[in-house]
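A quick write-up on the structure given underneath.
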Amino acid sequence: MDHALVVGLHLLHAMASLALVCIGLAVIFGMLRVINFAHGEFLMVGGYAFVLAAGAGLNLWVAMLVVAPAVVGALGFLVERFIIRHLRGDIIATILATWGLSLFLIGLAATVLGYHQQGVAPPFGTIQIGSYSIGNYTFFVIAVAVLTIVALFAWLRWSRAGLLVRGAMQNPELAAALGADTRRLRSSTFVLGSALSGLAGAVLAPLAGVLPEIGATYVVKAFITVISGGATALTGTTLAAALFGFTSQAAAFLSRPVVGEVALLIVAIVLLRLLPTGITGRYFRKAL
Amino acid sequence: MTQAPLLETIALTKRFGGVTAIDRVDFRVDAGELRCLIGPNGAGKSTFFRCLTGQFRPTGGQVRLSGRDITGAATHAIARKGVSIKTQIPALFDGLSVAENVRLATRKAGNRMARTRKTEEILTITGLSSHASQMAGTLPHGQRQWLELGLVMAGSPALMLLDEPTAGMTRQEVARTAELVRSLAEDHTIIAVEHDLQFVQMVADAVTVFHQGQILAEGPADAVLADRRVREVYLGQPPASDRC
Amino acid sequence: MNWIRERANLLAAVAVGSALIVVIPAVAEIYVLFQLTLFLVFAILALSLAWVWGFGGILCFGQSVFFGLGGYTYAIAVINLGESTVPLVLGILLPAGLAGILGYFLFWQRISDVYLAVITLAVSLIFYYLTGASAGSDYRIGTALLGGYNGIPSVPPINVPGFPERVVVYGDLYVLTAIMLAAVYGGLRGLLATDFGRVVVAIRENEERAQLLGYDVRITKLAVFAIGGAVAGLSGVLFAAWGSYVSPNVFSMTFTAQIIVWVLVGGLGTLSGAVIGCVLVQAAMTWLGETKVADTNLVLGAAFVVLVLFARRGLIPGTRSLLAGLRSRVRSAL
Amino acid sequence: MLTRRTFIEGAMAASAVPLVGLRSARASEPIAVGAIYDLSGPLQGFGDNQWRCAKLAIDQINEAGGLLGSQLEVKLYDAQSEMQFYNQFANQLALRDRVAVVQGGLTSSSREVIRPILHRLHTLYVYNTNYEGGVCDRNFFATGATPGIYVDLLLQAAADRWGKRVYVLAADYNYGQISAQWIRKAAQGLGGEVVGEEFFPLDVNQFGATISRIQAVEPDVVLNVFVGPAHEAFYGQWASAGMNQRIPMMSTTFGGTSEIVRMPPEVVNGIMVIGSYYESLDNAFNQAWLPDFRRRYGTDYGYLTDVPIKDWYGWTLWAEAVRQAGTVEREAVIEALETGIGVDGPGGPVSIDPTTHHCFMDTHLAEARDGEFRILQRYQGVAPTNPAAQCDLQARPDTNTMFTPDI
């Protein structure tokens, strides 16, 4: 019984972590169709921003929930303004540019911040479940993931800006004709996605540590998950993250970790073969 | 029992989600016929065509070509059975030259020599010989239409489907196209979707009217165009010839 | 006019080819040849992606699968057999076969661009994890230990067919590789000039129109993909022979992305661009590794961003349009 | 197979030996030496400090007047954590730069790329990293320790303190696999038991499942052989579950990339490690050496443990052999090294074992405590493992292989 509960919590945590890793990309790729290869490095910058701010004596929660998203949001603003905007949706140019950006950020972090940045320990204590103990931080990660997704849903569904974003996703010309400033809209969506990546990077930092190359661990899974999610970015990504997080963690429980990694990829391949337009390509068409 | 018609659909149906675009359509065209499909926008004409070519998989019903069931067959397989289409917006290989475009359509002609001959022949008929090495993507609209007609002709198809062959053409070009279509009709079976009623009158033997995914009327051109219901359906729509 | 230009292109290709195969090995030092060999091996790999993506329109993020499989196949087979002819052929056929199977899986269900990219990437990573998990003496094929992340060391070199003791290394391997590169380049060019090649390009230009003309897009793409797999496999074989090792790194995301970058830097939709882009990027990385002017990632990353902002379509198309612009300006001035 | 190998070596020898062999160390002309380190890419965290230690040794040699009256001129290459560059640069060092010795490399794959090349091209190679052991090649010297020694000492220490039921977490990597075999053997020898064993691909950073399995098994001690940055995530997750207060943790790899200063003390305090060097060593040599290091490189380098420090030993040992031989010529230097030459250093005296070309060295048991390693015990002059005397380069100098220890 204790065991089942603990396994359940770990599964939830794996799903939540994956969702956090993906959420910023879901906004940037899912809504703007911008393939951001530097997504992993956005997470990395978020992690560093958090760790540096906390190391400088700032309150832990301010550093994690305010500083990291703000820094990466600002980075996103610059990237959109000086690179992405000039590529005008050219997918190939975007791949090359964001790949370059990814290398650049890794190099910058390695040169400026180096490999010796002190990390931050996971705050909170632990709770005891029978003979098992689980860090309360696990619950925090799950909570942040759920709240972020819910907030994003609510924003898209009910706010005027959310409506505009949805409109612009469907038909940019029409949205422009209706008076929306699509340029600003794209810019702020990109910033939002970046800020969410920053948040995710910070929240995961105490458990994953920060290093210049940490992004590589995230970016592939994030892309596979978001793309498998299909056309409706948010619903799709949430479902895909849940499915993949569950699969890989369950496989890791039943067998070895490498089986977990491979299981995730196989599920993704089979899924895309069966539903060639992603999870939400066929179902959940009306979702967000 | 006479010989099977060249093309026949039986209760052909296509639904998109909750929308029924084609609703149990029974339709037949005999070999050698030149049939026009008319109807307001959204009546299902183009969807109907796409079901015939295999670009859409019908939700229900059957498509038969010379009596053989081709429902749900792959597009290229249907094309090889002799169904060729000129699409509404000309679909060309923009990055290839005009001559290469035509040559690609001559796969039925046989060996290299025969293909080259056929290509030259088509270029002459469509008046594009002088543009042979130009990139198709750089052609003006009218010539794009002609090039695509050329692609359709080059395959010597048993059945030609023409989706708005005169869209965007000047009066003069429309007349020339009508002439071309009439001459093609001498040895081909043709189904043409057209808004331009003048064109329809110029070329068609018979007309089928689509409305809300169903056949509203069918018969000789003059009789159908005089039909009250048909006029009602078209009411409020500007005559197609003035649209551009 | 056109005729002259085509002749000129052909002449230029022959000139570059013979310089590569005859002149360079006669004048260059052995370590330079050794380094150039790697560039040319990678150039073959770049050609395979340029073909599959630039001409076949297949956005493949897993070209490294075929490269790596070629390398592993060669390594395992040559360690077992001790003679390189059969391993070399296997190293080309197996990747081509895998590409065929994968192609059947992908093209028979209409899977669009990004999904295809994700599936091929996922396949690549599966290979990465599985070969990575093969450490220890339990994982062996014949006498070849797979070695996990360390890979397979001490892979014997290619030999003259039938003469296991006459090995092809250093200068000889360079000449062999240069000939292979020229053959692959010429072969793909020739293929593009045939009716099959035209259909390939036609499908890239307008898949639906090609279908409507009766071309089976699936089988054509399958053929393109399998040819690309074979070429990548050949490159992998040469890579394993060049370095006497092969490791799971060839299946990694970094490596697979590198291939994409080569092709994009040179310019998508050209064959020569892929070769030039690959050689330039590799030479830059080697130079940075030697001189340590600055962090490699930092410099390369910045260079890519600048390249995209100022020569969007890659170097070759960018240079071409620049030259065309100059030419017309000169002409109008005259 | 045999004919082929002899042929290659013959061919290479014919082309390369005269070039390399003729190089003499005339005074005033600098001696070229080669270094390959990962100064960018994922292994930069290791490579930076390896190079700092190597450069310190070279600078010290040069400042003291050089070798045989000549300065050392180091040809440094950044392999960017990519195997293909090891291959390229090793060839370049041997064929173009014609260096007297090549040192460097970190991963076993990089070593196995370099080693055959340099063997073929008759250029001496010194490898300065802890590795799985077993290389037996006359042209090759290793200053790193092999896991056999380390796990024996660690498990003994664990048995003294906590118990003999050990849970093993290792990288799914040759080093991890072979370490795990040694651990099984050592546990058996002590009458203990391996109660769990898990292997992780290098980029796994989710350890929830593992941690709860450990909780279910309740071992006396957990011993990890993690490799690479992704695995570092383990410590945070372990501490987050409160396990660092419950089950003792030991590691043969922790500390190699300055983890001790990068990770919060409340996460890593108490981890028991083993190695030849920690900054906190209070021997006289280190008292002078460490300040010298800091004077040159500042304090921004992280924290030195035995992986980077071995590069200092490697260069210093080679220089000592050159002095003894009176030439940089390879054969003479090998013979000098094979006299069992030794040097004193920050981690204590180190000397070459002529039989295996590995080293005798002092080894220290230590514990992570508040950003520092507290030394618990010193083992003097620990010998390299050589199970069943597989490798004997004195008796069989033509050996050129990598033995898999029969454990």
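Per-chain residue numbering starts at 1, and chain names A, B, C and D are given in the order in which the chains are listed.
Throughout what follows, a contact is a pair of C-beta atoms (placed from the backbone, for glycine too) under 8 Å apart; a residue touches a chain by one contact, two chains touch by 3 or more.
Here the structure is a predicted model, which is why all the values come from computation and not from measurement.
Listed by label, the chains touching chain C and chain D alike are A. Fewest steps needed to get from chain A to chain D, stepping only to touching chains, is 1. Of the two interfaces, A-C and B-C, the higher number of touching C-beta pairs belongs to A-C.
Farthest chain from chain B, judged by C-alpha centroids: D.
Distance from the chain A centre to the chain C centre is 32 Å, each centre being the mean of its Cα atoms.
We define each chain's centre as the mean of its Cα atoms; on that basis chain A and chain B are separated by 48 Å. Centroids of chain B and chain C (each the mean of its C-alpha atoms) stand 43 Å apart. Note: centroid distance chain B to chain D, computed from Cα atoms, is 75 Å.
The set of chain C residues that touch two or more partner chains comprises 129, 132-133, 295-297. Contacts with at least two other chains are made by no residue of chain B.
The set of chain A residues that touch two or more partner chains comprises 107, 110, 216, 256, 258, 261. Chain contacts in this assembly follow no simple pattern; the graph is neither a line, a ring, a star nor complete. Of all possible chain pairs, those that touch are A-C, A-D, B-C, C-D. Within the complex formed with chain D, the residues of chain C that make contact are 29-31, 34-35, 38, 82, 129, 132-133, 135-137, 147-151, 153-154, 156-157, 159, 164-165, 167, 169, 242-245, 247, 249, 285-286, 288-290, 292, 295-297.
Within the complex formed with chain C, the residues of chain B that make contact are 53, 55, 74-77, 79-80, 84-85, 87, 91-96, 100, 103-105, 107-108, 112, 115, 133, 151, 155. Contacts from chain D toward chain C in the complex involve residues 1, 3-4, 7-8, 11, 15, 39-41, 76-80, 82-85, 87-89, 91-92, 95-96, 107-109, 112-113, 116-117, 172-174, 176-177, 199, 201-202, 404. Those residues of chain C lying in contact with chain A across their complex are 105, 109-112, 114-115, 117-119, 121-123, 125-126, 129-130, 132-133, 253-254, 257, 260-261, 264-265, 268, 294-305, 307-309, 312. Every residue of chain D that touches chain A in the complex is listed here, in rising order: 40-42, 44-45, 48, 172, 198-201, 203-206, 208-210, 212, 215-216, 218, 229-230, 232-233, 235-237, 239-243, 246, 257-258, 261-264, 266-267, 300-303.
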